[in-house]
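Got some structures for you, see below.
Two complexes, one shared chain (subunit A), two partners (subunit B, subunit C).
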Partner chain A sequence: MAKISAMRQFRAILKKDIVMELRTKEMLTSMGLYTLLTLVVYYVALSRAGNGFDVRLIAGGLLWLAFLFTSMLGLNRSLVHEKDQGCLEALLLSPLDRPVIFFGKAVGNLIFLLIVEVLTIPIFIFMFLASSPIVGPIWEIALALLVGAIGIAGIGTLLATMSVNTSGKDFILAVLFIPIMFPLLYAVVAATSGVIIGDPGYQHLFWTSMSIGGGYDVIMLVAAYGLYEFIVGA
Partner chain B sequence: MKQLRTAIVLLIVGGLLTTVDLFWAFFRSTVVSFGTVTLSKTVETARPFLGRSALGFQYGKAWFSQKIFYFHVPVAEASFLVFGVAAFFAIRFLMTRRRDFDTKSRIAMETTLLFVILTMVTGDLWTRASWGVWWQWEPRLTTYFIMTLLVIAYFVLRNSVEDEERRAVYASAFCIIAFIDAPISFMITRLIPSDHPVVFTEGGLDPSQLIPFIIGQIGMLMIGYAIYSMRMHEELLQERLAAAKESLEG
Partner chain C sequence: MSEASSTGLALEVQDLSRTFGARKALDGVSFELPRGAFLSIFGPNGAGKTTMLKVLSTLTNPSKGSAKVVGLDVVQDAVELREHIGFISHNPLLYPDLTAEENLEFFAEIYCIDDPKDRVRELLAAVELDHRRFDAVRTFSRGMTQRLSIARALLHHPEVIFLDEPYSGLDPHAMDILDSLIASVRSEHTFVMISHDLQKGLELCSHALILAKGKVVLFDERDALDPDEFKTTYRDTVGMGVA
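On to the complex of A and B.
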């Protein structure tokens, strides 16, 4: 029997996740709705701040706060199904390389996260930033989103695979995820805020933060790739 | 048995060295300014508790707080080193799947937890005495707080997995990831320019300050090793006890 190439394996896993999501639309709707509700809570949180309050100062942080918690929800969901329906055991039994399982799931999570982000940004701008325009170019925000999402999806898939097998599930994922995410979060919030506020010198801040975020992504992806084999086989 | 004796000796020696460090700092080292507290270099450092000086009580309080530095930094550096040891044993466990490596990793993490808590507490006392606030989101404080959270998360993870082998694998993987993450956290708040001024900047240390500092550092590392060895010994005894119980019942 010919060995299945890694690319075909990867595409098979990715296709499985996407097809399942298109059929049930469960993850996208729950993540999208969760982000929307978070924005409503933001309104309540800022309602006493007064008219002179410049939301742009904290807009970057608010945006990433919403994405962080939505992504935790999505990551948990994506692996709970695998466990409940015995899919993970089936994946382990089939002739797939373990790291390919990691990449397949990580890219699937990345795609869903990006879709939610892309849908949320216009709504966020509409609700909060209508009167105060964003100074920097929008594509820089998109780049920051991409770098952040890659990091979240990469290390998040690893931690979610761990946490779904524990007794705490969501809680354990949050406890593990947030300290590990801290450097990336710090970098992308600095980048996004810099672009939104547009203080002089924000370009330098943006590219410094992006390079650090990119470095973090690379390091963490390599670590997750190396460790996934042990985690998923345990 | 011999290892236990070495450990106890090291513990005593380490404790003595740390005490020597503190007392030396009290009586001999020159005092410099830290943060918003400025102390004259020419003021005598003798008779600390009576606070006899031109600056009066304020001098006494601030002066004492600077000495915490001689305990705080050795503990912080020792905590990071022991964290590294724990990560090393975690890697070895994943390579060999031998249970004693997992036990060693766990005990090293317990020692790290102890040192981390000590660092946070003494650091808090120091910030309160020097800057008047209990906490500030200064880069160094924030990143060390993240490391505290990582170490606590390690133990939360260990407690939530039932199956023993799976618990060991998960804990080792998380230990490795956490150890990779800690230095990145340290660097990131340093590299990204922020509005927060870095209040605590270390210049070079006087020779009179450096010697007690190094003595304290070595002493703290000895204490760390001693605690680790003694805990290891306790674990071995417990395992022997469990095996003996099993053989009696079976």
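On to the complex of A and C.
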């Protein structure tokens, strides 16, 4: 047997998750359809708001609400695959540092979340922002989406691992996920809204929010790295 | 290689206990097993058999006492020890949406095996599944899945193989295939098997252990056992109920 390589193990977990998702399309299909359904519901509700209503004022919140609930759907699925037929146990029996499992699963979830975000944004702009365009540059929206997705994938993977062994896993994930994610959500909603609305001086709000979001991501990822061994073995 | 090579013992279990709240699943278990042995563990439901296997395979930490597998401590040397053990359960521990080949290649990468493709082909041939290597595991029968599970457990040439009721749910033909597979690798590994089937367990083992209420009731070499006395002891322990 060759020397154990964490990078080789990480790549194997990531490749396996991508191959399985490309084959079953369970996560992407369910997340994509859920997001689309949410956008349609928003559209129907806002169509009655009248021409005087500037949808940009709430667009950031609407977008992140859709991503938040969609991601919870996907995160639960990603760990259920591991739980099926004892596959998580097989990983735990192998010479694998537990954080490698965390990073493999979290990066896989991040990729799937980003795919859903990339597909959703043009539809969102077409449905809600066609007549009132985004004021700030689109790359700032992309940065806010990336910072938010990193936090959601990292913390979500940790919490999904905690909840997957419980009988009410969907309930447990929701109860833990939303309060813990609140600082990040606050930051990315503020940043996204700032770019969409483009008030004078929004740049300050954007970068302050991005600093909070980025800092939150780093702290939570370090905490998840340290806690994963304990959580996965519990 | 590790200090594992320096000892002639496959298992060294000293005063091992594992509690879950107030319940003692294992209570002061001690025994030693030489390398190359085949240990069958018997006992009623809830006797602590699965907990013992979980402790020995590093899935659960002991609450008290110590256990070494091929000279490596199950707590201190857990990551290194996992390179030396294989695990076959009644649960296949395989991804149903991946093919047989993809499953083995995935675990070959996790164990960082040299020439993983060659090793996978060799094992698929050994368990007579090479003709189904591109088929998803979810299309396999129970017996075929169990054969693939054995291939997964053997990928990294483990020194000790743990078997948790491997015959559970198999039809007689699949049991025969599993028997011949175990026989073909019997001399190369130490086996520790949980079984509810007295006859099958005794037929395969070199050593037998009966657990009840988390304690060792009997541990001896099979050749030293009187079969009638063993069966009587076993029936008595089943009457003792759960731990």
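By our rule, the second predicted complex is superposed on the first by the 232 of 234 C-alpha atoms of A that agree within 3 Å, B and C clash if a C-alpha of one lies under 4 Å from a C-alpha of the other, contacts with A are read in each partner's own complex, and residues count from 1 in each chain.
Keep this in mind: a contact is a pair of C-beta atoms (placed from the backbone, for glycine too) under 8 Å apart; a residue touches a chain by one contact, two chains touch by 3 or more.
Note that the coordinates shown come from a computational prediction; the quantities given were computed from them, not determined experimentally.
With both complexes brought onto subunit A, simultaneous placement of subunit B and subunit C is permitted, the two fitting side by side without a clash.
Of the two partner chains placed by the overlay, only subunit C lies in contact with A:20; subunit B stays clear of it. By the touch criterion defined above, A:230 reaches subunit B but does not reach subunit C. In the superposition on chain A, A:46 makes contact with neither subunit B nor subunit C. By the touch criterion stated above, A:183 is placed in contact with subunit B alone, subunit C being left untouched. Of the two partner chains placed by the overlay, only subunit C lies in contact with A:89; subunit B stays clear of it. Once the two complexes are laid on top of each other via chain A, the angle at subunit A between subunit B and subunit C, using C-alpha centres, comes to 90°, given in steps of 10. By the touch criterion stated above, A:81 is placed in contact with subunit C alone, subunit B being left untouched. Smallest inter-chain Cα distance, subunit B versus subunit C, after superposition on the shared chain: 6 Å.
In the complex of the two chains, the subunit C residues touching subunit A come out as 57-61, 79-80, 82-83, 85, 87, 89, 91-98, 102, 106-107, 109-114, 152, 156-157. Here subunit A touches subunit B in the complex through residues 155, 158, 162, 165-168, 172, 175-176, 178-180, 182-183, 186-187, 190, 205, 208-209, 212, 216, 219-220, 223-224, 227, 230-231, 234, going by the rule given at the top. The touching residues of subunit A, counted against subunit C in their complex, run 1-5, 8-9, 11-13, 15-16, 19-20, 23-24, 81, 84-87, 89-97, 233. Per the touch definition, subunit B reaches subunit A in the complex via residues 94, 146, 149-150, 153, 156-157, 160-162, 165-166, 169-170, 172-174, 176-178, 180-181, 184-185, 187-189, 191-194.
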